[in-house]
Amino acid sequence: MTDVWYQNSIECLALKEGSEHMQMVDISTKEVTEREAVAQGRVFLKATVIKLIKDKKTPKGDVLEAAKIAGIFAAKKTPEIIPLCHPIPITSMGIAFTLKKDQVHIITTVKGQAKTGFEMEALTAASVAALTIYDMCKPLDKDIVISEIKLLKKTGGKSGTYVRK
Amino acid sequence: MTDVWYQNSIECLALKEGSEHMQMVDISTKEVTEREAVAQGRVFLKATVIKLIKDKKTPKGDVLEAAKIAGIFAAKKTPEIIPLCHPIPITSMGIAFTLKKDQVHIITTVKGQAKTGFEMEALTAASVAALTIYDMCKPLDKDIVISEIKLLKKTGGKSGTYVRK
Amino acid sequence: MTDVWYQNSIECLALKEGSEHMQMVDISTKEVTEREAVAQGRVFLKATVIKLIKDKKTPKGDVLEAAKIAGIFAAKKTPEIIPLCHPIPITSMGIAFTLKKDQVHIITTVKGQAKTGFEMEALTAASVAALTIYDMCKPLDKDIVISEIKLLKKTGGKSGTYVRK
Amino acid sequence: MTDVWYQNSIECLALKEGSEHMQMVDISTKEVTEREAVAQGRVFLKATVIKLIKDKKTPKGDVLEAAKIAGIFAAKKTPEIIPLCHPIPITSMGIAFTLKKDQVHIITTVKGQAKTGFEMEALTAASVAALTIYDMCKPLDKDIVISEIKLLKKTGGKSGTYVRK
Amino acid sequence: MTDVWYQNSIECLALKEGSEHMQMVDISTKEVTEREAVAQGRVFLKATVIKLIKDKKTPKGDVLEAAKIAGIFAAKKTPEIIPLCHPIPITSMGIAFTLKKDQVHIITTVKGQAKTGFEMEALTAASVAALTIYDMCKPLDKDIVISEIKLLKKTGGKSGTYVRK
Amino acid sequence: MTDVWYQNSIECLALKEGSEHMQMVDISTKEVTEREAVAQGRVFLKATVIKLIKDKKTPKGDVLEAAKIAGIFAAKKTPEIIPLCHPIPITSMGIAFTLKKDQVHIITTVKGQAKTGFEMEALTAASVAALTIYDMCKPLDKDIVISEIKLLKKTGGKSGTYVRK
């Protein structure tokens, strides 16, 4: 009886694979290539808070150091956070911040050799760095907004280079 | 000799507690109150992709179901992701989506009884739901943007109710 | 414009809360009571392998010690593994094994003071203990089966005591 | 003195490696091959609950969508849950459900290129999908049973193809 | 038959609870009190490396900021890392460093209201802060040693205050 | 305008890459080689407690079994715990203990094929095994000290073999 069940189920599975059910896309036959993704995010804050960040005077500690490390951990955690992301090995990860009058601009880069790209790792790192800035500054500014989280550039893989216009 | 060391270190720590070093803020003496936070996020997508999401025709599976569950898990994971967040017990968590012409609008609500608020839980859930939508739609639209992640409302605690204007 | 959006979204969320969308059930108004859950699982193995487990002669190490610790960790991880489980504080956790001719019988108990029960913690611990036994014995028996994972008993909370018949 | 200690300890370790102490088996010299594992699980539920699942009318949300995502996350988390599992890269993962009169039949498939197989990943995904169904249906049926979690098929590696009879 | 099984197993479990099997100690009946733990660790490094740390000139980034955040995350992760630790809510956490000629001296303090103490949280934070310093300095010094990880002080709970002599 | 921003930011990132900001070191161009790391740790305990460990008579369960499994899990968790560690695949992991009159001596070995070494994995495993021994013995000895966590040996990679003198 188990055999019949098994037969049916395998058929059913095969059937479903042709349709739109939830699954981690099969990347088995894709080529391992050198890949890189660059993403960004912006955190809009009061000018007075930007100044405190710059001067390392915020009450909870050095905002940008905390945001960098939270972002680096987040890049590594991406497949635990985003359901259909494949676990792929990061070989390099950097985060840089530019302080503007009314915002912190975050840029993240993630590199590795894999069968699929590092877009979600770079985007997740940018989002978590932004959330960390939010958390550390919220006693000072109740109206913070995180915006424009997006991919800037992607290289490697069959689809080639993408640069956001 | 250890005693001397210890003495000095405790002094040093006490000293530092008066200044701006990194730390999880002490909430020991804050009152446990019923608290709620409502946050939002927006994911800007092509109109054709919005239609596919609505019709559950995207290739990787049902986008909004995946985004809901990823967001719920993320709310629970917040203190693992954001360095200075206190672990506080969530008693309720909901995520709702509104499909507009060019965007998915995400609203998250988190509730609990705690000594500090659930803002970061609601914001992290909104961010991760947005990233999940990004991940599941990126084969269909290379120019997705996540924006306007922000707190909409907060109740409970000494500082009282906040509603974003 | 944000205000209008916000208004609409809150309405939309309120609307949805009356219907069947995904959410962590609101336990805010439930009472904190002493609660306990007892669950079980069975792992069916060849008699020769049962003997090796008893004699601590399996090639990868002491199977039951590994299964106990994996089960204890799993009880604590439950809200990270099961989407809609609330994080609730475990105050005690035990795992016991009975070696029978053709099976390992696992019993788990989890206790705590909370607004909701520890059924999923006890069941998750039993499942992970069973999977660990499977993993450590699979070089010795290719036909292992895990069965009868179920709740045996539950006490505390408004619904009172449940004992499986 | 450290040298003597070190000498002795290395000897002691070497000694132990010849006996049955706990360890992650050394797979360094095994070949990387394309591997696949198919596993199953069954969740026995009242016929009335099966109907509610089918009609997406269960109170906590869409049961099968939640179970799929929980199962996919669990496959990726396997080495964090099962003590002696090696971390190996999944390239594809699918979950399918068949609703029968008195049960949900779960089938999971996991693929990748690795030095060891994906059996535990497929079994863990099936177990966690089953536990998620249990969690979402327990307000409707107190007597749920999870059974017959087992490997159905395994391909790749030196030991070749296994199909459960 | 299940009943008989169940009966026996419960007996067996009861029996085992009187003996020395593995378990998370039952803290249900212990009182919730304000508790604090202070721990320390030392990382021995070359004087030249201590100077680079002080001047924030190490190649991988600001060592002490990274160590603080890693330590704070580790305190929160303690029950996931140490098998029999109960999950208890931290309300405050601080890390301070003293740079000496040949070492970094780490002091950690953890506070909360709970039924058991925060010793392991403070010790785990000190260990992970030390390991992070090791990781960030190992390209500069191959002979780093981490030593004297120990509890300095503990207050709260039935056993009262402990101060290491 | 986005273009200008983007331009500037990329420049800014490039600029920073030449200086000492926080980052996961780029290992893309390093060669994958067979690598092994051996580390140690010592836990100093009263002689009476050492005897209880040996006789498996400690109240919380078998100390060394728990420490082994906690150490194995910790080796796998290393990149989640230490900020700048790359995720690299472990192919083998062993832990051995030597009971001396006043201490438990822990030796860990980790092996794999990777672009960077397994030092931090071996050191993290030794630290967590030591912390687990601490946790399980602290009701019996309040003055436990963990010491001499250090690398003993490292092979593989461009820098060649290292043996601590």
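To keep things simple, chains are lettered A, B, C, D, E and F as they appear, and every chain counts its residues starting from 1.
Definition applied: a contact is a pair of C-beta atoms (placed from the backbone, for glycine too) under 8 Å apart; a residue touches a chain by one contact, two chains touch by 3 or more.
This one's a predicted model, so the numbers in the text were calculated from it and none came from an experiment.
Peer 1: Over the chains that touch one another, what is the least number of steps taking chain B to chain E?
Peer 2: Shortest path length, in steps: 1.
Peer 1: Count the C-beta pairs in contact for A-F and for C-F, then report the pair with the higher count.
Peer 2: Result of the comparison of A-F and C-F: A-F.
Peer 1: If you average the Cα atoms of chain A and of chain B to get two centres, how far apart are those centres in Å?
Peer 2: Centre separation, chain A to chain B: 15 Å.
Peer 1: Using CA atom averages as chain centres, what separation in Å is found between chain A and chain E?
Peer 2: Centres of chain A and chain E (C-alpha means) sit 29 Å apart.
Peer 1: Considering chain A alone, which of its residues make contact with at least two other chains?
Peer 2: 21-23, 25, 61-62, 65-66, 68-70, 73, 77, 83-84, 89, 164
Peer 1: Considering only which chains touch which, how would you classify the arrangement: line, ring, star, complete or other?
Peer 2: other
Peer 1: Report the complete set of touching chain pairs.
Peer 2: Contacting pairs: A-B, A-D, A-E, A-F, B-C, B-D, B-E, C-D, C-E, C-F, D-F, E-F.
Peer 1: Quick check on the complex: what are the chain A residues that touch chain F?
Peer 2: Within the complex, chain A contacts chain F at residues 34, 38, 40, 65, 68-69, 72-73, 76-77, 89-96, 98, 105, 107, 109, 111-113, 152, 164-165.
Peer 1: Would you mind writing out the residues of chain F in touch with chain C in their complex?
Peer 2: 61-62, 65-66, 68-70, 73
Peer 1: If you look only at chain D, which of its residues touch chain C in the complex?
Peer 2: Touch residues, chain D against chain C: 20-23, 25, 56-62, 65-66, 69-70, 73-74, 77, 81-85, 119-120, 123-124, 127-128, 130-132, 134-136, 138, 142-151, 162, 164.
Peer 1: For the complex, give me every residue of chain A touching chain D.
Peer 2: Residues of chain A touching chain D: 2-3, 5-6, 8-10, 12-13, 16-17, 21-28, 79-80, 83-84, 86-89, 115.
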